[in-house]
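Pasting the structures here.
You will see two complexes here that share chain A, one where it goes with chain B and one where it goes with chain C.
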Partner chain A sequence: MAEFLQHLINGLMIGGIYALMGIGLTLIFGIMNIVNFSHGEFYMLGAFGVLTLFTMMGIPYLLALLLSAVFFLLFGAVVERGILRPLQNQPVDVAMLATIGLSIFLSNLALIIWDPTPKDIGMPFPLIGINVGPITLTPIRVFIFVAAMLLILGSHMFLRNTRFGKAIRATFQDREAAALMGINTNTVNMVTFSWGTSIAAIAGGLLGPIFQVFPTMGAIVSAKSFAVVIAGGLGNFPGAILAGLLLGVAESLGAGYISSGYRDAIAFILIIVVLIVRPTGILGKARRLG
Partner chain B sequence: MTRRKISILFILLGIGIAFSLPQFVQSNYVLRIAVASGLFILLASAHNILMKVGQLSLGPVAFYGLGAYVSAILSTRYGVPFVICFLAAGVSAAVAGWIIGRLTLKLRIAYFVLVTIGFAEFFRLVALNWTAMTNGPMGITAIPAPALWFKGYAMYYYFILFLVLIVLFGLYRLENSTIGRAMQAIRENEVLGQSVGIDSYRYMMLAAVLSSFIIGIAGSFYAHFFQFLGPEILSFELTITIVVMVIAGGRATLAGPVLGAILFTIIPELLRAATVWRMVIYGALLVTIMLFMPDGIMPSLVSVYQKLRNRFRPAGEPSDLRTTLEIFDTMPQNTGCRQEQFAVSTERCDKEEICKEASLIVEDLCVYFGGVHAVEHVSLSVYPGEILAIIGPNGAGKTTLLNAITRLGPITSGMVHYLGEELNALKAHETAHRHIVRTFQHTSVFPNLTTYRNMVLAHNALEPTGLVTNVFRTSGWHDAEQEIRRRADEILEFTNLKQYVDCVASSLPYGAQRLLEMGIALVADPNLLLLDEPAAGMNPTEVEALMELILRIKKMGITVVLVEHDMKLVMGISDRVAVINYGELLAEGTPEEICQDDKVIQAYLGRCFDDAQTL
Partner chain C sequence: MHKKSVVLLITLLILIALLFTACKPAVEETAAPQAKLEEVAPEEKEAEPEQPASKEPIKFGVIQPLTGPVADAGAYVVSGLKIGVDKINAEGGVCGRQLEPIIMDGKNDPQESVNAAELLITRDGVPIIMGAWGSSSTLAVMPVMERNGVPLIVETSSSGKITTPGTPGFDWTYRFSPMSLMESEAAAPYIVDKLGMTKVAILNVNNDWGRGAAEVFTNVIVANGGEIVSEDFIEQTTTDVLPQLTSIKNSNADSILITTGAGQIATILKQYKELGMTQTVLTTGGSNYPVAIMNLSSAEIAEGTYHLVFYVPSEYDLAGDPAVAKWYFEEYYKRGLPDVGLGESYRGFDGVHVIAQAMELAGCDLSPEALQAAIPLVEFKGLSGTVKFDEREGHQSRPNVYLTKIENGVMVVPDFQFD
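== the complex of A and B ==
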């Protein structure tokens, strides 16, 4: 039982990160109709951002995280303006291929800058175990989960309670109608994309201290974020959160009790099953945001 | 020289160079790249078949890996001869394509893209973890050569060249066949395709099976060429390579993937000089190509060529307006024979009068969308030879009714009969095969193709010819093609669209696009034609022409059901009018009766339009 709970808790922590990646990806798809293959690369770059600032330059971890988040906010805006906006009237696969090109570009650039050997970010928090009943928690894991949940909640509040959040939700419902109501849908695109990029980078910076950091780490996370987005229903915000947590737990339990070799297969089996049985995602049809 | 002759010359020259390559080049390195190019031409062209029906898959490696593993395991573990391994690879991949197709082809665009990634990754993880069969990450070694006399790269080179030529020839023949055109129709406008009788699921399945078969045999070639096989063959990077070749080369064209495959095999080799920067440059190049040539390199080259040609063309020669897709179109030219008027099918009434017995009977039809009762207990009969107008306020359920009849929309309860046959269980394309054809409220044509091509696509739905007939052009093929052309010409004349024959449909004036819609429907040979607001957005002159056209259609013995708001048109040409409000049938009768009907005046007409004009 204690082992089961431990797997569950670990699963929730990873699941929180998957959910974080998933909401960005699902929103970018819902608003911009772009299947963004460079999402995993932003995650990887976020981890390297923290590695550079925190480990190499000695800036405090939280500040490093914040600085890298701000940097990727700008970076996302540049990518949107320079690559995605010119392609927004092209077929879906053109923008998709452009993001694939960007992902190849970024991961190989990272390979040159930081070389391929996996690196340790180092531990920003004391390495002590807190025993809560039969399970052991470490401060970093608690921090990751809490930070992920806060970011998700923050995004939700932003979409729900601000004027711009309202504009984003309107664009999500009907781009043309929103434009006719005076919403600048280009700005909505840019904000959505740079917000998604920044949140992916934060996810990388959060998870970096637990795992090692290397230039090709984005690929598998990218694939899993897709699994989360599909399972939650494309463009479905609450669906992505639920699916992210579920995937994390399923993987953790699967690796613990079945076989760790097939752990990564769980995400893909999830994609296949959900799309065939319930193509609208686990939460059903509701096209709802925030 | 005509463009066709130039094309043929270029192709022959290319084949000549390809055949003599091993004579000039002794370097194994170059030959190896040439073999890799050939392999990628196979993969990209096969993957492109799915693009022809508008589906982007990111899982071609699933079939590639499957073919390779089947072939490798059969030959190393069971000593099966190469020929059988080779075919088994193709067949097993085709079967997998069929199964995955059955599961996924109802999905579209992003969903389809992502589920195909799922399958490919799943296959990869099986190859990695099922060590008993696949040797896992160690891979299968010492896979035998296809035959003992296969020595040196030149042998493999000729083998792959042979495969490439066969596949390209087959694909070329398909391009200009009923199958190729049906696929084009699905890609351009799936719903319109269905409404003229194209079974999109069937053609998508055909595309999936054909594509996976070719990829499967390419996998077998891979295994026996490299003689080593590991799970890397199932990597996502390889998928990307193939997709890049197809899209950057020019999706859904014949030459695009070939050019893409050659370029993107050679470019990474050239970039080796750039060492660590190689993939960085590759990624940047990909982004650049997408930004500046979103249709792909081949179509861009073709359009540059056309621009040059038009600039230097002698005065008086018509400009080149045909779309790039038709650049290699070698269909027999129109012979202009039109000895007979359109044949009138036997089900139609011979005389120009209305039959007494109804052909279409709608019985107690209800269509509900959740709590919305769009059509509520409507019963309606349509008599052969008449023009029946259905009018009513917006949102009254008129289009929903048409959708239910043509099976593009759902039926909650009730019955639709046509000539004694129940339509409820049919699919949309099957109603077209019963000669029930419709047009759409919002202009619906095949937008990126010429008017002529639009017409030709619509015909091909009715008498599809098989794969073998089209690839080998057996007897009957020429007659069938001739008939299609003749009919397209006839309808062009009938709808007065001759002047636009070579113009791209989306560039036509609005009125002409609406006529084109009617033309497309007429090519599909209707006995019952359902028009959904044909006059919407037309100016008075265009409406006049439309009225005249509909009357001529009626004269040919085609029954017309017309949903329309233009009262001049409705009252001017209808034999009967049915009024629908809130999903219910309000009144039914001759135009005069409807004009006098108090309920109708209250619900919809206000004052009848005659009075309105006199006042």
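== the complex of A and C ==
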């Protein structure tokens, strides 16, 4: 039982990050109808951002995370304005190809700037296990989970309770009608993309300290984010959260009890099962956002 | 069809396409993977005998992972190789000619390594190749070598299959890195008795290297009265090992045997520490240089762990030639190369010396056939012991294997292994 609980907790913690990656991707798809293949690279750059600020420049971890988040907010806006907006009236696969190109460009850029050697960010918190009953937690894992949940909650509140969030939801429901009501849909696109980029970068900055940081680290995360988004239903915000947590737990239990060799396959088995059983995603018909 | 379904379909197709290339993600476009060595200083060139007809450098091929998850290890091997090439060239080269390695990025991916081997042989016409780091990559390259009749010097791979007669390409393959079997044999006298590894959990990388090591170490542990409690294989890109470690923690294992690269070992140790585990840790495989592991985690995290290595840089007397070992150690730091790479770099240094000696022994006949005939005669006292291909029908050398321990933040060589 203790072992089961530990697996469950481990799974929820990593699932929080999957959910965080998933909501960014699903928001961008829902609002902009863009399948963003560079999402994993934003995650990778976020980790390198924290590496540069925290490890190399000695800025406190939380501040480094914040600065990196702000930088990628701007970075996302630039990408949206410079690359995606000019393509918005093109067929959907054009923007998709542009994001694939961007992902190749970004990982090679990282290769040139930081070289391919894996790097260690270093531990921002003491690495002491805290025993809560039969399970062991570390400050960094708790921090990662809490930060992920706060960001998800924050995104939800933003969409739900602010005027701009309302504009985003309106655009999601009907782009033309929203534009007719005086909503600047270009601004909505830019904010959505910036937001998605920034939370992917934060996810990278959060997980960086417990893993290694290297230019190709985004690839597998990217694949898992897609699994989360597809399983949760394309463009479905609560679906992505649920699917993210579910994937984390499934991987953890799968690797713990079935076979670690199949761990990364679990995400894709999940997609296949969901597509067969509920092709519209776990949360099915829910088309509303937030 | 509904628009959304079309998007979903396209997304899935692209995702599948990307997954098939997942081992070599997004680095395809890297500028020319071929890197040439800098020329040696002009004054050293002048010292050579005047032989205008044969002044052209001798090219040989090298396949190492220069990008991807184990790119660091490949870079270290290359740095040792460069020191070796410069030393040989400064001393007059081989057969009066300079050596020039052509280094290709195999990404430790079997497919990419095969492409690199094909290019080196057909485009550059090299008579011999050193590579291809990982066992799976080396095993993939071997048939290419056989088909083209070009010898392969293996510097890193540990899988027993590589020098097992009957493996495709065996006749053209010569290995001086130890098989996992040799590591396990060296560890046999102390792994159970002195390290107290009686109930062992194995946590290895999921490829020929990790699986091969699991098999031979299982035999040794069982033969010495220990038992294997669990066996887990993780992908080389896996970063989260908490599920596996949680299971191990909750089992009755008293120790963990880990076979993978330094980067992944560091990640495993961090999470081992997170769970507050106390099991004895022993790492194997030779890409586990303790200083690199400390650097990628921390001295505190790696404290008390054991590591089997083939080269202990600071202990000159343990090398094949203590004078060369001392020179190498000093030269390495003179070049401002990183601490973390020293333990893995010796492979390149010893490798290029094996190639150079084979060329001399072939009487400067640089045809692949002549080199193949000469390699079994090579005897080189290098950094990892004496390279001499006298096992496995003349295709395998037996280097030194040492147990090291991280104690108070430094790498030490426990005495009990010499009893």
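We take it that the second predicted complex is superposed on the first by the 290 of 290 C-alpha atoms of A that agree within 3 Å, B and C clash if a C-alpha of one lies under 4 Å from a C-alpha of the other, contacts with A are read in each partner's own complex, and residues count from 1 in each chain.
To be clear about the criterion, contacts are C-beta pairs under 8 Å (C-beta built on N, C-alpha and C of every residue); 3 or more make two chains touch, one makes a residue touch a chain.
Computed from a predicted model, the values in this text were never measured in an experiment.
In the model built by aligning both structures on chain A, chain B clashes with chain C. In the superposition on chain A, A:P116 contacts chain C only, with no contact to chain B.
Of the two partners, chain B and chain C, it is C that touches more residues of chain A. Look at A:Q173: by the touch rule set out above, it reaches neither chain B nor chain C.
Look at A:A255: by the touch rule set out above, it reaches chain C but stays clear of chain B.
Of the two partner chains, chain B is the only one that A:A98 touches; chain C does not reach it. After overlaying the two complexes on the shared chain, residue contacts for A:P86 are found with chain B alone; chain C is out of touch. In the superposition on chain A, A:I14 makes contact with chain C only, while chain B stays out of contact range.
In the superposition on chain A, A:D264 makes contact with both chain B and chain C. In the superposition on chain A, A:T187 makes contact with neither chain B nor chain C. When both complexes are overlaid on chain A, the residue A:T162 reaches neither chain B nor chain C. Overlap of the chain B and chain C interfaces on chain A comprises residues 33, 35, 92-93, 96, 100, 103-104, 107-108, 111, 219, 223, 226, 230, 234, 261, 264, 268.
Put simply, chain C touches chain A in their complex at residues 3-4, 6-8, 10-12, 14-15, 18-19, 22, 25-30, 66-69, 71-72, 75, 206, 232-235, 237-240, 242-244, 246-247, 249-250, 263-264, 266-267, 270-271, 273-276, 295-298, 300-301. For chain A in complex with chain C, the touching residues are 2-3, 6-7, 10-11, 14, 33, 35, 37, 41, 92-93, 96, 100, 103-104, 107-108, 111, 116-118, 120, 122-123, 127-129, 131, 136, 138, 140-141, 207, 210-212, 214-220, 222-223, 226, 230, 234, 251-257, 260-261, 263-264, 268.
For chain A in complex with chain B, the touching residues are 29, 33, 35, 83, 86-87, 90-98, 100-109, 111-112, 219, 223, 226-227, 229-230, 234, 259, 261-262, 264-265, 268-269, 271-272, 275-276, 279.
Across the complex, chain A is touched by residues 56, 103-104, 106-107, 109-111, 113-115, 117-119, 121-122, 125-126, 128-129, 236, 240, 243-244, 247-248, 251, 276-280, 282-287, 289-291, 294 of chain B.
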